[in-house]
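Two complexes come next, and they have one chain in common, chain A, joined by chain B in the first and chain C in the second.
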Partner chain A sequence: MHDSVQEIAKTRRFLKERLQRDYTTVRGYESERNNVRQLLQRTAEMGESNSLLLIGPRGAGKTTLINAVLTDLLENKSFVDNTLIVHLDGNLHTDDRIALKSITVQMRLENAADGKVFGSFAENLAFLLQCLKAGDKKSKSVVFVLEEFDLFCTHHNQTLLYNLFDVSQSAQAPICVLGVTCRLDVIELLEKRVKSRFSHRQVFLFPSANKFEDYVSLFQHLVSLPSNKELQAAVDRIDSLQMFKSDAFTFQRNHFDGVEYAFDKKHVENWNKQIEKLIKTPAAQKTLQMLYDFDVSEAFLKTFTFRLVAQLKADAPHITVEQLTALGAQYECDDKVELLCGLSVLELCLLIAIKHHSSIYDRDPFNFEIIFGRFSKFAKVSTTMQGVERAIVLKAFEHLRIVELIMPLSSSGMGKVQKEFEMHKMALTYGQIQQAVQRYQALPTEVAQWAQSSII
Partner chain B sequence: TRLAEGTPRRSIQLSNIVEQRIFNDNEIISTPKRSRSKLADEVVDEDYTPKKSNQKTPTRPRRSSTTKQPSATKLKEQAPLTPSQKLKKIRSGELSPSMEQREQPVDESRKSQLQLAREQLHVSVVPKSLPCREKEFDNIYSFLEGKIQDQCGGCMYVSGVPGTGKTATVTGVIRTLQRLVEKDELPAFDFLEINGMRLTEPRQAYVQIYKQLTGKTVSWEHAHTLLEKRFTTPAPRRVTTVLLVDELDILCNRRQDVVYNLLDWPTKSAARLVVVTIANTMDLPERLLMGKVTSRLGLTRLTFQPYTHKQLQEIVTARLAGSEAFKGEAVQLVARKVAAVSGDARRALDICRRATEVADTADAQPGGIKCVTMLHVQQALAEMIASAKVQAIKNCSRLEQIFLQAVAAEVTRTGVEETTFMGVYTQIETIAAFMGVALPAPGRALHLCSKLGAERLIISEHSRHDLYQKILLNVSADDIHYALRVESN
Partner chain C sequence: MHPLNLARNAGSWPQLIKSKQMENICAALEPQFPCRESAITTLAELIGDCNEAYPPAIYIYGHSGTGKTSLSKAFLLQCQQQQKVRTAQLNAIECYTTKILLENVLDSLSQENSEQQLAAESLRADNMLEFVEQLRRWHGSKVRGFLIAVDNAERLRDMDANVLPVLLRLQQLTGLNLCVLLLSQLPFEKYYNKTGLSEIISLHLAQYNKTETLRILSSDFDQMRRQMLQQMKEDQLHLAEQALTPDFYSNYLNLFLSVFYKACRDVPELQLTARKCFAIYLQPVLDGSVECTDVSRLWRHIAGPLRAALTQIYMRIDKPLGEPAVEDQSVRKLAQSLELPYYGKFLLIAAFLASHNSAKQDKRLFVKHHGKQRKRMQTVNARAKNVDKMSTTLGPKSFSIDRLLAIFYAILDEKVGLTCNLLSQISTLVHLKLLSFVSGEQNIMDGSAKLQCTVGLDFVVHIGKVVGFNVRQYLCDFM
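On to the complex of A and B.
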């Protein structure tokens, strides 16, 4: 009994780690991967200068593809010896000054010492350009990986991009500029001289699982356990990578490593059979179809699977259809309706008054006085809301504003107008209020009736 | 703060003081700055090659000195430098910048025909004489030769869209002139070159010019005064200086003092400066520059027209001379396609290079020889010119496609390009009910909206605006219909 508990814990840990930390495994994208790999290989071996843009929607595996290609290439020594890799990120390197310092450090130029760069911005740029100009086919190739490439386009004059592309188009040190972005129209952001210098190679990555069957098999792959042979192959691959503990690959320090996991053969068979059975059930298919209709990206499926795997316990040792559908329902539900159900009856009454006002005047803006007038009409004839003071209603109105169920018309108008008279708009659809009224626990009948008709 | 940029940091001075202590220097620590720096220079002179002149304004350019500089590897043998010492050496131009060398050099021997062609087609391989630019070459050549012969100053403005061979032609002319100087058929001249895009701000132009004259890096104020002195005071045996200013429009700031100075120096009789300026737009002097600057720029202008398809074909075939890697009609297809879009030579060469890569990975021809055919070029063209929007729409999830349809429907309904999320959501309700799909909650629809916005299929505001955010369609409605109609069939 104790043994099986441990086995479950191990399975859960294995699946979680594989979901989170396996940075280098790519499924599909054969031709794109070959394209990028050959480009980098030619840069390293022939000393060619190139530039390339990797474009695809968020969560399509762009970074994973580059990681995979680089780890593939790092296995052969001729690549390691002949190339420097410089990683830049548009979110971190927010202007050319910071990016340039980072380049200087990563290329280990003469004016950098232990991560500290000397000299001004202009000096750094001049020195980097001189260094690249001094280089030729005998010098090391440099691979620049620019993640969030579109953010580099917002820098002043696009100086960095111009200079990198210019080096790649002139007889200087061989470099390869690899831009990664999710914007399809990124080329339009480039200035015309930068655009002219870019080689217009674009690799588009669209989600590999573009059929529902592929999506289901991807899910099956994510939750099933590998056989010992497959596990050993993966371990060997990771071990060969660990040989090159270069500074450029920080992800390798904490990479998923299957070495500590060895599963009982019977357990693996059992588990995989269970998964296969699970996937065939119509309820599971329906949930997966719902996810697939919403978002086809692998990243989305992975977060879903992670939440599913996290539910594995000793007393619930298998992923069940019920868990799957319950989790799917969580994804489907409306968070704002949940928020509405947590409001007090007074706040809900105010929202109903706002809804009435909106439907009568076709979504005209409103202020506290209008709504309070409408609410008082109802409160006078109701039996539960009679004694409510104005100050309390104002507080409830303010609470609605803080949780952003109602929004001020203009943020600049604050302070000029008294808070009772400031105009607002409602950030809810009528359907959401309707749902909230239906789902609200122990709502007075009067309020429910008032919500149906605005006669009072 | 500008002043501080050029001056050495305090830490550098401190480290000098420490060194003086350590090496038992009997100089008093609180000596004035000037004399201390002189001392440091003398120490340098003992350690390294003595090539120091104490003259403040060098009358002769010292460009030749770059070749004599001790290489970085040589320096390392003697004593490890502290970073601040290194920086000092970089500033004084004594430490030549270098790249790390590769372990194995590139193997030149075994290369296939396609690889050779690919190397020849690389943009960086500039031919000795540019095809199809003979007339422009003669124009610039006669201008520069005349100015150098007459020993007077002047300006020229060269314009044209990117990739039409402006910089390559000008540097080609300069190279020809330098060869003439070597043969003593022309008086000697100096050549300086700056590029607006390689500067962090316009005023760094002074620094770069001064650096090319002497090899030293100083602050821009200092460089400005030194250059001013050099160009305005008459000196015997001054040779003509040719200054090439690339990307002139970047050097224009609001005050336009840099451009003014660069164009004002040639008017001084003492300067003997010839300035060749390059920019993209033809009407830049009239549009951007002030009257006095335009006046100084003069009317010696030259425009580079975009290449026609015949010229592009000639350029590519000239590069491929002697090689049979390309079929004739393949080159023609590239030339015609590129000439129709931009007339950019870089574009044509890049497409040809991509085509060789495609041919390389494709299966060999029946003859056993790999050759770039029309099909390969067509694939390369599709990769490099075609847009991927239709494909992106096809690869969207079902609800994302519905969202796009809803935006298009809302545009048709209202007749206005700009829609709000609320209107789009009511359309989604309709379409979802019509198609029998479960209606996504508004929160999930907002998620779809931001996802499509990240891809730039639509342009949306920050989702803080919730139901009231404005949405614009970034693809044409026809693209959406095409992508979804074709898929459903």
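On to the complex of A and C.
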């Protein structure tokens, strides 16, 4: 009995950790992966300089791909000895000064650079690279990984990019620049002089959107438990992460590690059989199909699976179809409609008045006075809304504005215009209001009827 | 299980004890937050156990008064007490720069080890990189988890562009077992920017429905009863003790909600007002004039005060109980009580007319022999009444002082000199905020200053009645 409880807790912990912290497993993208690996290998072994952009939508696995390639290469002793990896993130290194400082630290050259005065950015960078050359004949190569590459393009004069690409072009020192971005038009952001120095090597990562079967098997893989042998293989693979010397790469620190886990063979078999059964049910297939239609990325599926796995408990030891469909339904529903259903009847009435105004005047903007006029016409003939004071209606109107269901036309216009007369626009569709009216609990019939037709 | 037993068994089933952590938190929180069981369970599943991997970020949204802040605060406190997790809670409104936000987070997270270094030097983070590096330094410490809750998260959108993306990916960037909770009233789609954001788990705290609201409000009963009985005089005590039953209170709440629920669903606000009005409800029972079971007569007593209280909701006007809760704030009273001089009233009317009529119409409105107007189809169509496009609903336009004075002389029957006394009344009206400057406040003398009338139609109509002037007659909207 307690064994099984323990097994469940362990399963839950294991699955959660694998979903959350497996930063190095890439599925698919074989050719892209080889491409990047060869590039890095050539930099490390032959001392070639290169630059490459990795482009793909959010959650496609760009960073994971680089991590995986690095993990592969770290097994190689000569790679470890010959290369330095510098990691920069556009969100963290918001200007070139910070970036350069960080580069110095990551190359472990603080001491060498200490007290030196550099005339220019290029000089400084050249000095850093020069330091690596000193000593033996063959100089160390440096791999620069630039996450959120598009943000580096906004830096003043794009100095960092210019210098990095310049070095990689002119064969001063072997460096490889790997840019990672989700903007497809990133090349257009580069200045002309920077663009001409870039190698124009681009690798596009798009999650394959045409095979639902793959998606289902990925889901199955994410929730299944591995056998002890597979577990061991995974552990061996990430052993090389120990070789990482960089402080900026943090994924190796709390990377998912299977060492602590050993599952009872029977439990694993039992569990996996259950999962297989679950996936075969039509309801599960339907939910997965819906998720697949929303978003094909692996990151999205992982978040979903994480929430699913989190529901495992001692008294609910298996993932059930009901849990799966219930969670899927949460993704399907519209957040705004949910919020609309939490409004008071008065606030919903105002939204209906706004809807009528918009449909009559072809989405013209409106102010409080207009809406109040329309609302009071309804209030006069209705039994529920009679005697609601103007001040309360104004408060309700302001509440709608706070939750951004209606938005002021100009954000700067505040102060000059009285709030009753400030123009707003609606941030909802008619369909959403309609849905909310249908789903609202205990809505007075006359309000529902008014929502249908503006004639009172 | 007996605690001693639990302790003895802890060695043999360490996993089992750990798996109980979630349940402990749930058990501690559920009595505190009625009708929030499912949200508590979901939170506990996600971040209830610091030995498991936290998700990178959770977005909790719902209307104000649904318990976002208090629930997460209590949850984090439980985590901190039971599992020694480091927590930080902050309000984005208080953090008007990124630096303040980051240093606040660091300060709260570092609380434990700052005991050695003392609070003398609080941690500094000038930019995002230093913040992340400081967090990375805590890697390898004994702490199993970090939780950061940011209230009013919609404010993060107005901060530096990198704040929100970094917070959402903080776990990956720092390599710590760390989770960021964002609390807000908006749906998450309002946060999307040009390049998108990483995945977040969103959790909706639905507004309480009527039954749940009743349940929460009636949990006040014991406290209310105690409070009421304390205030009673000797002779009423017996009567009050008899009357104050849960049934009596829930009857009251039903009546109360029948008035308030349509306009306001904010539970804390309802709670506040319900407490305030209860004494009025109880009054006739204490007098002995109404039986405590006679709901319909009690309703007749309370209906008026409740409706009056409805107009004051959200205002938090603190008044001693028992007094008539509200004073009549109607526009009529306000207009009649305004002590303006005679010419001042006409100036105000003139300003209103100037604000709400176009200058083109002035000749037609105020000049005796304005000539014959040609009737053309175009003008007829243009004049077709359109309530929503009336200038009284679209708001006041600006006018110059010259125009104001011209209209003033046109609507005033008697002749007055243009004296400084008259002109000073304009500035009085501006001081009273009945008029406001739109532009050219500095250039009043050269006539380029533009003014605007800030009062509404009702108000001016009442003022007009006082001086015997029909305002509507002179408004283009009503012609």
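One rule holds in what follows: the second predicted complex is superposed on the first by the 415 of 456 C-alpha atoms of A that agree within 3 Å, B and C clash if a C-alpha of one lies under 4 Å from a C-alpha of the other, contacts with A are read in each partner's own complex, and residues count from 1 in each chain.
Assume contacts are C-beta pairs under 8 Å (C-beta built on N, C-alpha and C of every residue); 3 or more make two chains touch, one makes a residue touch a chain.
Computed from a prediction, not measured in an experiment: that's the story for all the values here.
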item: Which of chain B and chain C A:Leu129 touches, first, second, both or neither; value: first
item: First (chain B), second (chain C), both or neither touched by A:Ile98; value: second
item: Which superposed partner A:Gln441 touches (first chain B, second chain C, both, neither); value: second
item: Partner chain in contact with A:Pro57 - chain B first, chain C second, else both or neither; value: both
item: Chain B versus chain C as contact partner of A:Asn367, first or second or both or neither; value: second
item: Which of chain B and chain C A:Asp335 touches, first, second, both or neither; value: both
item: Touched partner set for A:Gly28, first chain B, second chain C, both or neither; value: neither
item: First, second, both or neither for A:Glu404, with chain B first and chain C second; value: both
item: First, second, both or neither for A:Gln6, with chain B first and chain C second; value: second
item: Set of chain A residues, in rising order, touched by both chain B and chain C; value: 57-58, 182-183, 335-336, 404
item: Footprint of chain A on chain C - complex, ascending; value: 13, 15-16, 18-19, 45-46, 51-56, 61-64, 66, 127-129, 132, 136, 139, 154, 160, 162, 165-166, 169, 171-177, 185-190, 195-202, 204, 206-207, 209-210, 261-265, 307, 310-311, 313-314, 329, 387-388, 392-396, 438, 454, 456
item: In the complex, chain A residues that touch chain C; value: 2, 5-6, 8-10, 12-13, 16-17, 19-21, 23, 57-59, 89-94, 98, 102, 148, 150-151, 182-183, 247, 250-254, 256, 299-300, 302-303, 306-307, 310-311, 314, 335-336, 338-339, 341-346, 357, 361, 366-367, 369-370, 373-374, 384-385, 387-389, 391-392, 395-396, 402-404, 416-418, 420-421, 441-442
item: Parts of chain A lying in touch with chain B, wherever the complex brings them together; value: 34, 38, 45-49, 55, 57-58, 78, 81-82, 84, 96, 108-113, 116, 118-123, 125-127, 129-132, 134-135, 137-141, 157, 159, 162-163, 166, 169-173, 182-185, 192-193, 195-197, 199-202, 204, 206-207, 210, 290, 292-296, 332-337, 404, 407, 425, 427-429, 432
item: In the complex, chain B residues that touch chain A; value: 5-6, 72, 83-84, 86-87, 90-91, 95-107, 115, 118-119, 122-126, 161-163, 197-201, 204, 207-208, 211, 217, 247, 250, 280, 342, 344, 346-347, 350-351, 353-354, 357, 361, 383-385, 387-389, 391-392, 395-400, 422, 425, 437-438, 440-444, 448, 451, 454-457, 466-468, 474
